[in-house]
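Each structure below is given as structure tokens.
In the two assemblies presented below, chain A is common to both, partnered first by chain B and then by chain C.
Take a look at the complex of A and B:
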């Protein structure tokens, strides 16, 4: 009896979330992938199959921009993995020390850049690094390294790395917090057992704690990956849609924005924009799949 | 306690490292804030000095007040954030309740479907979202932003809230059922109040990315009446690039509301992250 009646309340509870999510997220996602297969010919939308992707990967003008953006994006990601995550882990390791005073204060202060918007962060650093204002050169001068100063954001060879480091500065709080949480959940008995066996200090970090927090490091890596391949705001705020100097800071997000909306003399092209979105989707999907099937399932998890 | 863990030299090193990093983290914010209160001359002559009686000036703030409609931008950001949070929490909690409370065909599948959005960024669908908003006439309205952010926030909200709702005791709900309460009353009167801490966590998680987003305001609602604070300050700074007083003041005005919110909610936020809600 109970089973045969339709339980309307379940539908009522689910409906709003499912409707909004489907209409504004899932449907546009697939529609974007579909639009990538069309093109505009004589004011009409015609199906062109994979032509847009062929243009994107093989046409000299497009492919040069695409591979440039993709390569830059990988560099952006590598810097985050090599700088942001180790610093985050190191800060978390220090903060989780049981006898440390003012830990809460340090934690809150270090997290502040993470809550600021990209616009603020981008402009603030642009001003600080600006040769006109001279804060960065005069600070380097104070430690006798003035000769090292260069207008980092304006030089092709440094601009992308500088922006990646600014982004690291902004987001270091996230790995710090997640690793901190993971370190706190390690039971005291395990560490004490290690101490009895003579494993203390740094050794206890490398031999006991690090293996136990590997799953959290995996999560941080995939979050960093998705975030980086989806990045746009910081580059746009600091360098504009042209991702200067000479496209040296162009990443997939800015490339898609320029293509979709147009800039200067080039008209916007939603279909090529969709094709780039499709490529981004594929890259993110591959990354998430590598994580889910390649890393997460093989990772040893310890029952705590 | 073992000696290695309380060694004074180690403690000093740890504090040293943390203080150094705190300085790196706060220095840019500090420089922007102090210089926004100085005259143009003082900004360039002594950028690291605090404003004193001679160098103090509010000229930048005056320009910002005259030229930019920052109160409107602030109001827009506020409306978008608050309304979105309401929808995310309301719809998210309802769906989480359905998934965690009832056994029905397709429960697992529905859960997976809703969880898809945690890993796939909504920005990928921007081209079609813009077409959708143009077709429905919502472009250049705050509703476009509210809908997009709600869709973006729901997957994680459903995921976190359903974890918490599984912990609500069945006896309580069944007692309600025996007393003749409807499923809706059980949800609103019994379950919702019990998961309030989890809802606060979800709210804080969603608040920062929505408030700071530049992409969707730029694409879906760039008109003067619907600019959010983030987009408004971006455009304003772009126009006043050479007026350093105005730029620094505009940056400070964009920093302050977030900083105040952070001071109010930082405990909630940090507790939320460290309680493992995102694991």
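Take a look at the complex of A and C:
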């Protein structure tokens, strides 16, 4: 009988967080999904079911933009996975080396861009790379490589990669910090035991440390995935809502913004905008589920 | 409890008092012209407040690129200002249809404007006007007079002369022939395509025919401007692909470029920035003696928020905006924004005078994509930005661009199907 007493205190302690989270996250999320099922006809909001999604995926005008944005988004994500995370891991491995001097200085210096505003980062890099006032062309000129310079942000073929690398520069501190923390939590005894067995130097990183930080790498990957598919700010700050040149840097975030709020003579359409937001939500949800059920449950964990 | 009742009673009497004596009403103006903040605060608003004691005016602009989105959110949330600066055509028409703007047809002062001036802020059938026209902007080319003298170049009037001048500047190498970038995209369409285009499609004649469905974007008159733009690429500075709009303005006002494809709105900014003498020439015609056409685009109007709490004061302000007095202050305070009222305004600025003088020599038209044609998806104006950039960069041929635009327009616009 004693056990079945209702434990009110649990509800009381949970309530503030649940209420705030519901008000600012869950309600808007479901309301956006609901909005995607409506359309505006003659100033009236009409329920149209899945028509907006049908337009988004089947109408050639919309679907072309959608797939372009999604493709760009994947490229943005791939660059982060291939450049940001390996560099972050490498930096963490170097920083955790016991004989490295000024480790704290490097750590802060590499982490600082992360706390900068997107607008500042976008603006600063635009100036650095500007063919007119930027220091990039003159620096390349100084080492005799001027011919390698191109107006990267203005060329269809380079713009998205350039922006992805700028974003990598900004956020490389995050995987570095997480991995660094994971590396520090590896007990000395294990490494010493490895040394006794003849595993030293690089081998100790590949054979002992890497398997132990694999769960952290998994978390970083999923954070990168969610962050990249929600990205918007940097592209908007650097290239504007039209994500030029010729939509080559258009990602789901900018596509959604342009549709939802309108742009120049294009009027905003909150319903189609919500449909795009719904699609973004679904993509992120699927990605996270694949990770949670497909990868994380199979990951081998070690008792330290 | 008693005290509360007393307070309420006091509060309600003050409310009644304010409405009875109309004491110090504050009007807030929504605008995208953050460049003009100083002019409004120092010249326009004091002039109005001096004449209308009891009404205070607050000018609260937001960034041009965000204005439409910001304004729509504010209107939906009920927090927008009393007076709303109106974008031309559909953006404002949508606001009117959604009930956010008041019908101003009953205002006497509206008779100070011609039908053409009012057309940008009317319903399609012309039955209701919802914004007082404030100003139009004229397109053309501003040039560095010192550079032209140095190189012995005269103002070009035909296209052949125009490109000959560009060749000469390029050969000399002192100046970048033309300051324009394609990074922000809109300059290519606004200062490129819609600047030189009217000479090809014969201004209003072509524009109206396109709306009526009698001409197509694949017709020679609409494709040829892209072919001309394709020749521009060679004369823009190094790395123009990543050159932004402010970059172009700075390059020109620093005296590094000779010609700037312009809209007249640049005049006041350039006057303060540039320390050389500037001149202006209108878009060159194809053959000497051809009729010239200029883009004299109705650009700014001002209307009243239907949810305004001070409708009377707002109407007083709008009536003042429609008066010749405002036109004189505005036209001279902001050289390059030309008042639209019927009474002609005497302008002092030489560059602005040059621009406005073209109204007498050429046929006026407005930008081709603004009225009706940018109502659907894909949006013709946005598509024209991309197409103009592609033409300049040479990534697509003019014919491909015309075909693509026509396909997009025909997909939703019935007269073109």
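Quick notes on this one:
Keep in mind that, in the parts below, the second predicted complex is superposed on the first by the 287 of 304 C-alpha atoms of A that agree within 3 Å, B and C clash if a C-alpha of one lies under 4 Å from a C-alpha of the other, contacts with A are read in each partner's own complex, and residues count from 1 in each chain.
Rule of thumb we're sticking to: contacts are C-beta pairs under 8 Å (C-beta built on N, C-alpha and C of every residue); 3 or more make two chains touch, one makes a residue touch a chain.
Every value quoted in this text rests on a predicted model; they were computed, and no experiment measured them.
Contacts of A:20 after superposition on the shared chain: chain B is touched, whereas chain C is not.
Using the contact criterion defined above for the overlaid structures, shared-chain residue A:35 touches chain B, although it does not reach chain C.
Using the contact criterion defined above for the overlaid structures, shared-chain residue A:5 touches neither chain B nor chain C, since it reaches no partner. Looking at the shared chain after the overlay, A:108 reaches chain B, while chain C stays out of its contact range. Contact with both chain B and chain C is seen for A:133 once the two complexes are overlaid on the shared chain.
Comparing chain C and chain B on the residues of chain A they touch gives the larger count to B.
Within the superposed three-chain model, A:242 lies in touch with chain C and out of touch with chain B [touch as defined at top]. Looking at the shared chain after the overlay, A:226 reaches chain B, while chain C stays out of its contact range. In the overlay built on the shared chain, the residue A:273 is in contact with chain B alone; chain C does not reach it. In the superposition on chain A, contact of A:288 is made with chain B only, not with chain C.
Residues 133, 261 of chain A contact both chain B in one complex and chain C in the other. The part of chain A that touches chain C in the complex is made up of residues 43, 61-62, 126, 129-133, 137, 150-156, 239-242, 244-247, 261-268. Against chain A, in their complex, chain C makes its touches with residues 65, 68-69, 72-73, 89-91, 94, 97-99, 181-186, 237-244, 247, 251, 369-370, 374, 377-379, 381-382, 385-386, 389-390, 393, 395, 408, 411. Considering their complex, residues 7, 9-10, 12-14, 16-18, 20-21, 23-29, 31-32, 35, 87, 90-91, 94-95, 97-100, 102, 104, 106-121, 123-125, 127-128, 133-135, 138, 169, 172, 177-178, 180-182, 184-185, 195, 200-201, 216, 219, 222, 226, 230, 232-233, 236-237, 253, 256-257, 260-261, 270, 273-274, 277, 280-281, 284-285, 288 of chain A touch chain B. Residues 2, 4-6, 10-11, 14-15, 17-18, 21-22, 24-26, 28-29, 31-32, 43-44, 47-48, 87, 90-92, 94-95, 97-99, 102, 104, 110, 113-114, 116-117, 119-132, 147-148, 150-152, 154-155, 158, 182-184, 187, 208, 211-215, 218-219, 230, 233-234, 237, 244, 247-248, 251, 254-255, 258-259, 261-262, 266, 269-270, 273-276, 278-279 of chain B are the ones that touch chain A when the two sit in their complex.
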